[in-house]
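As structure tokens, here come the structures.
Okay, so subunit A shows up in both of these, paired with subunit B first and subunit C after.
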Partner chain A sequence: SEMSKDLLPGPYPRTPEERAAAAKKYNMRVEDYEPYPDDGFGYGDYPKLPNKSLHERDPWYQWDQPDLRHNWGQPMHWDFDMYVRNRVDTSPTPVPWHTMRNHFLAFLGTMLIMFVLGEFYPSYRPVGPKQYPFNDLYLERGGDPNKEPPVVTHYEI
Partner chain B sequence: MAAGPPPTAAQAYRPNRYVSLPAELDPDTYDTSPEKRRAEAERLAIRARLKRQYQLQLNNPKPPPVIEDPALLRWTYARTHNIYPTFRPTPKTSFLGAVYALGPLIFWAALFKIDRDRREKHIQEGKYVRPFSVF
Partner chain C sequence: MGAHLARRYLGDAETEPDPLQMPTFPPHLGLPERRPRVMVASAEQLAEARVPLEQRDFCAHHLLRLLRCRRDAFPLPWLCHELRHHWDSCQHHDYVMRMKEFERERRLLQRQKRLRQQEA
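Now for the complex of A and B:
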């Protein structure tokens, strides 16, 4: 792009002057500006903004870009495309997250254990072999119509 | 050992990477100190300056064809062009690179090799049942 080198992101700021310059470059207060830790991951001097999704930004404020809830010149989160309103939502839940996770895992665990138990110890009503009418379907199975079919009784009295 | 004071609502909520603390439980919302007010005023000043620059460009009688957002340009530059110059091989990055780049290759290669060897052994012994599938 046509921006000069001092307006584009650069390496990790080491001196306080570099930090102040970087904060000014990103349109942030010097106290608010916090770069990612210098672990060699490739972040450079990009600011580390709070990991909050766009769902949490005020829906009633007059943003310059209302669909992205973003103002012109406002520093964008590194994972901005993840926190977009179609994707990850970090807004606070009515029930704490650890409670929801525990309830969900308890339910899922119980269902899985019961299904596995059912594989090893199946339970169903008693069944017997299927009984066919007409002397065990003598004529349908190709028996001779002139001969007497063998009598088949499936009951005992 | 005594139980200690009961956890505050904010501590009981335990915000983490997936949910953030609601504003009602955050003690920051109820902080009305002058330092916070001054910080908010400075942020508002920055925001107003940026809004003014944007509105001037937007309502210009002869507006530019595209109003470029420097924040967006910086974001794309940081995520694409600024990674290689600022990358540094450290123990952590080397380990993660090995795990994510070499791990899957070695894993799948080993898995396929073991599976093929087992199938070959079964075929030689005559125990292999060829699967029948219409698809």
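Now for the complex of A and C:
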């Protein structure tokens, strides 16, 4: 389906009339319409929508496209394909980020410290080492059959 | 279970044996009639049965009988429970012997420290 030239995005709007026309083109109110800043990145007059992913949109509302949580004619975010429900999720966390980060680092730090301590002060049962026959399994552990093995005898106790 | 660890790491490590350096005393010190342990299964039998090295200990003859019974009685495991009990009991006595070795080492270390303090 061919779109006419006035439905496609255009250059950055400079005058208030151009802003109103661009807002009407994107089905937005003039107060809501905010284009990307004109700094050479090529956004043109495309509206700058809040960086919220589709997870934050109401799941119970009857959208025209329920999987995309999008209505017909609604302006789409520049990174719409990134904010899709399979991908990036910007929904607010139940706990602030720095709290989560501090808790995680505290847990990780504690675990690492305990593991390092366990390397220098290992824990063991109060038993002697296990006793094996045949000179501590000299031949079975790959000892040279031509050489004399070191004699090891174990005693009962 | 952690008393020996507390004594070794937080108390004095002189009288606590280090399991990696055991035994440090001659085996007949204080126990003149110690008999050497007898190995019943032969090395060739264990090699033929492909027993893992960790299980080729002084209870391996019970293990060989158990494996033979399991192979013959497959898929009914309850027919070999008695042999399993003999093997487990032998392992238990082996573990108790290890505990006694540890305790002997510990008492000899304490005695050594006492003698050193008496000399000084």
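Points to keep in mind about this one:
Methods note: the second predicted complex is superposed on the first by the 103 of 157 C-alpha atoms of A that agree within 3 Å, B and C clash if a C-alpha of one lies under 4 Å from a C-alpha of the other, contacts with A are read in each partner's own complex, and residues count from 1 in each chain.
Just so it is clear, contacts are C-beta pairs under 8 Å (C-beta built on N, C-alpha and C of every residue); 3 or more make two chains touch, one makes a residue touch a chain.
Keep in mind it's a predicted model, so treat the numbers as computed, not measured.
When the shared chain is aligned, subunit B comes close enough to touch A:M76, but subunit C does not. Between subunit B and subunit C, B contacts the larger number of subunit A residues. Judged by the touch definition given at the top, the superposed model places A:F134 against subunit C, while subunit B stays out of reach.
In the superposition on chain A, A:I157 makes contact with subunit C only, not with subunit B.
In the superposed model, A:G10 lies in contact with subunit B only, and not with subunit C.
Contacts of A:T110 after superposition: neither subunit B nor subunit C is touched. Of the two partner chains placed around the shared chain by superposition, neither subunit B nor subunit C is touched by A:N102. Of the two partner chains placed by superposition, only subunit C is touched by A:Y124; subunit B is not. Shared contact residues of subunit A with subunit B and subunit C: none. Contact residues on subunit A toward subunit B in their complex (touch as defined above): 1, 3, 7-12, 25-29, 31-32, 39-44, 46, 50-52, 56, 64, 70-76, 78, 80, 90-93, 96-98.
Residues of subunit C touching subunit A in their complex: 1-2, 4-5, 9, 17, 19-20, 22-23, 27, 31, 34-37, 39, 43, 46-47, 53, 56-58, 60, 94-95, 97-105. Within the complex, the subunit A residues that touch subunit C are 121, 123-134, 137, 139-141, 153-157. Considering their complex, residues 12-22, 39, 42-43, 46-47, 50-51, 53-54, 67-75, 77-79, 82-90, 92-93 of subunit B touch subunit A.
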